[in-house]
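Before anything else, here is the set of structures, which you'll find just below.
Common to both upcoming complexes is chain A, partnered first by chain B, then by chain C.
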Partner chain A sequence: MYIIGELINGMYKNVARAIAERDKTFVQSLAQLQVEAGAAALDLSCGPLSRSPLDDMLWLIDVVQDSVQVSLSLDTTKLNIMEEGLKRLRKNGIINSTSADLERLEAYLPLANKYNASLIALTMDKKGVPQDKDRRLELAAFILDVAQRNGLSPSSIFLDPILMPINVAQNQLFGILEALRDFKLLSDPAPKTVVGLSNISQGAKDRRLINRTFLTMAQGFGLDSAILDPLDEALMESLIAGELILNKTIYCADFVAAYRKSKRI
Partner chain B sequence: MAEELKYVEKWNSKINELKLGAAKADGGTRGKVFKVGNQASLPYLFKEGDIPFAPIIAAEVYDVPEDDWPQALTEDLKDVFRHPLDWAVKMVEEAGADLVCLKLQGIHPDLGGKSAKDAQGLAVALLKKLNTPMVVLGCGQADTDNEVLPLVSEATKGERLLFGDVVQENYKTLTAACIADGHNIIAESPIDVNIAKQLNILVSDLGMPQDRIIINPTIGALGYGIEYAYSIMERARNAALSGDRMLAMPFICFAGQEAWSAKEARVIEAEAPQWGNARQRGIMWEVVTAMAMLHAGADILTMRHPEAIRIVKAAIADLMRH
Partner chain C sequence: MYIIGELINGMYKNVARAIAERDKTFVQSLAQLQVEAGAAALDLSCGPLSRSPLDDMLWLIDVVQDSVQVSLSLDTTKLNIMEEGLKRLRKNGIINSTSADLERLEAYLPLANKYNASLIALTMDKKGVPQDKDRRLELAAFILDVAQRNGLSPSSIFLDPILMPINVAQNQLFGILEALRDFKLLSDPAPKTVVGLSNISQGAKDRRLINRTFLTMAQGFGLDSAILDPLDEALMESLIAGELILNKTIYCADFVAAYRKSKRI
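Take a look at the complex of A and B:
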């Protein structure tokens, strides 16, 4: 599982403060902790309160790159910030994200090509988030079609079915699992799949239990990647055990330690 | 051959590079040193990834002659069998082995009970005689090995040799000595990839750098489970090349020891005339066993018969030509 650490996000008060005060130590330690816990990439977002989002994003990129050697996922809805950020990256990045709307795809696909970045594509459009699996598949097929016509390989696309909170759309969750599985059949090479895990438990109690249970089930449906909190130890341990059960890693008595030593599964 | 490769796999990880032998600049005295591992591909699939180093052959040399070896093997070694130093020189200079594998069988209480001093003396004398590094093995009895091998390790400190074997039940003493004295270590598991991985964790948890560990996966000779050994090695390599650092160690395979234990390599011609010349048969048993292990991913082979070593050495040169 390709783990994208979610914690450097201005949505969190302490991160918003660190960004505002240019508290490098705080951000770098959050980056290091996530990488040590198994993140292969880190998501960076300035959050909604940022007053100068471009400067903030570039600052985040610089301080994080100075402390860890992983790919960065740039989480912004502003095209100019995305491009300025991509220019700044020292390793291939991840664009987070585009919707399935043609004009947005046509704006982001050239960026992905130009900067050798992967692209997270949400299966939603102006009409909103789909209510069922078929619509998700339809939008996914559209995304892949446009991507291929623009010369981006499906293997550089992370399709995100958009995880709905359990207290809002409980009846959709199994369809989302099925969509994760079926996305992989849409092209050859297959696209990758990703979820923003903590969405599922927005507003719910026992959030961590819900998160890790969904993640384990999604692993069974072939999920490739997740944006999550790698510092949630129980979550990471479930994930490690899940990879063993799917025969993706080789068992040994200290399998959790083995994962941590390998730094990835 | 490369043209036949229809599906090219690109891996995202590599096998560790293990350095065997320390030259003067690195604190040792070796004139010749070796590197093994560091492949980014399954064996000999040069189109898939880099294979920077050829496998090497360590010829087994015993401190005391082994009574149990068949004539097909001893006949060609009879001049040197009782003289480990001459034996070593013959294997490297005449047979073309890259280095020797010193088996300290004589320290076993039932097989001579030689002292630690004898063992140290022989190891040091061998290093003086040859400019290569070497592999050093104990007698297989845990208590004796734990007593003697650390002393041999100390006497050869800084030469970056390869000591073995440690097993899951007994790994701490020798590992600690090798860490302190700058040697590499052989981690042995009983044809079991799960235990191989576990032992690598245990050994590295003691503080042994991962690039100083080599896996002895335990093999079977031709006709005695060779396919099983192959499948274990293949599984470990696939995992390692996909990013499992705890299996990303090179392999050492004891091809000579296993082949010469096989009935087919041991029975004399008078007892099985239909099987043909015993010497040729034994040599070929060792060659075929060794070749299969090369294809499974062996980085170091230990072998016994000079003629088998010559044949396999030439075959390695062929395999590496691409």
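Take a look at the complex of A and C:
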């Protein structure tokens, strides 16, 4: 599982404060903790309250890159911030995100090519989020088709079926699991798949239980990557046990400790 | 999920003692606790140390039936004990178990018919436990074929792919998950599926983590039933969250408490 740490996000008050006050120590500590817990990449978002989102994003990128060596996922809806950010990266990055709308795809695909970045593509368009698996597959196929015409390999695309909150769209969740499995069949090489895990439990009780249970099921359906909180220990233990059951890490008696040790820098 | 409680088993020392000393209170309390925790059926096994296995099984059946109203799964390899036990049941029972060997099937299928019992059928034969999914499917198809010729509906059969310990056969586990899914396609009406959950973690550390992670994945692959420890609270919470994600129970804010309440007698 390719883990993208979600915690450096200005929608959290303490992160918004750290960005506003240029509190480098706080942000770097959050970066290091996530990487030590197993994150292979870190998502960076200035959040909705940022007054100077371009400056804030560039500051975040610099500060985090000075602290850890992992890939960064740039989470912004502004095309110019995305490009300025990509220019600043020292390793190949992740564009988070495009939708299946043609004009957005045609704006972001060239950026992915130019900066050797991966691209998270949400299977939604102007009509909104799909209500069923078939529509998700249709939009995924469209994304891969446009990507191919723009010269980006499917293996650089993370298809995101858009995980819906369980208290809003409980009846869609199995279709989302099936979409994760079926996305992989749409092209050769196969695209990658990703979910924003915490979406499923928005507004619910027992959020961590719902998150880790869905993640385990999604692992069974072949999920490649998730944007999640790597500091949630029970979640990480589930994830490690899931990898073990799927034979993706070798069993040993102390498998949780061994996995953690293997991820330490 | 149809939960079969596993705790009344003479392989546990305290249960062996209770059986030997005819400690009714101990056994009835174990029955009640499991049912209150969500078990829809209880497995009864006298264990390997039983000196008078027929008497012990009949005593267990009587004592448990006087205490709870659920179905009983009779776990014995002796045909005569199975039949005497089935005669004694006040509700339809479960025969645990037959293999795919023709002579065993031809002995147990008539019993299932005669006593309106369900039949747990292990996909193994004299050659041993299969090493891959295809052989499991082959044996499952054979079981269903013999069952049909003996007039037992597939819906009365619980196919058990035989869950292997993760420290012995890690590379078989995904095939076992796929077998659980594919068994359902072998007949119409579909057979039911079951696993003996704790097998997966025999001899491993972090047994409960491995058990619940596998159970969640198996739920995603359509597992109908499991023989498990319903007193393992983290396991039951995973199971409840899994049912919720699969839209098998209706979401409400207090879903764990609500599920538990709905199962109380």
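Basically, the second predicted complex is superposed on the first by the 263 of 265 C-alpha atoms of A that agree within 3 Å, B and C clash if a C-alpha of one lies under 4 Å from a C-alpha of the other, contacts with A are read in each partner's own complex, and residues count from 1 in each chain.
We take it that a contact is a pair of C-beta atoms (placed from the backbone, for glycine too) under 8 Å apart; a residue touches a chain by one contact, two chains touch by 3 or more.
Bear in mind the structure is a predicted one, so any value in this text is a computation, not a measurement.
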Please determine, from the superposition on chain A, whether chain B and chain C clash or fit. fit
When both complexes are superposed, which of chain B and chain C contacts more residues belonging to chain A? C
For A:K261, using the defined touch cut-off, is the partner it touches chain B, chain C, both, or neither? Pick first, second, both or neither. first
With the two complexes superposed on chain A, say which partner A:Y251 touches: chain B (first), chain C (second), both, or neither. both
Three-chain overlay: angle at chain A's Cα centre between chain B and chain C, nearest 10 degrees, stands at 70
Under the stated touch criterion, which partner chain does A:Q69 make contact with: chain B (first), chain C (second), both, or neither? neither
Would you sort A:Q170 into first (chain B), second (chain C), both or neither based on which partner it touches? second
After the two structures are laid over each other on chain A, how near do the C-alpha atoms of chain B and chain C get, in Å? 7
For chain A, which residues lie in the overlap of the chain B contacts and the chain C contacts? 250-251, 253-254
Residues of chain A that touch chain B when the two form their complex: 249-254, 257-258, 261-265
Residues of chain B defined as touching chain A within the complex: 193-195, 197-198, 201-202, 204-205, 235-236, 239, 243-247
Counting only contacts in the complex, chain C reaches chain A at residues 166-167, 170-171, 173-174, 177, 200, 204-206, 209-210, 213-214, 216-217, 219-221, 237-238, 241-242, 244-247, 250-251, 253-256
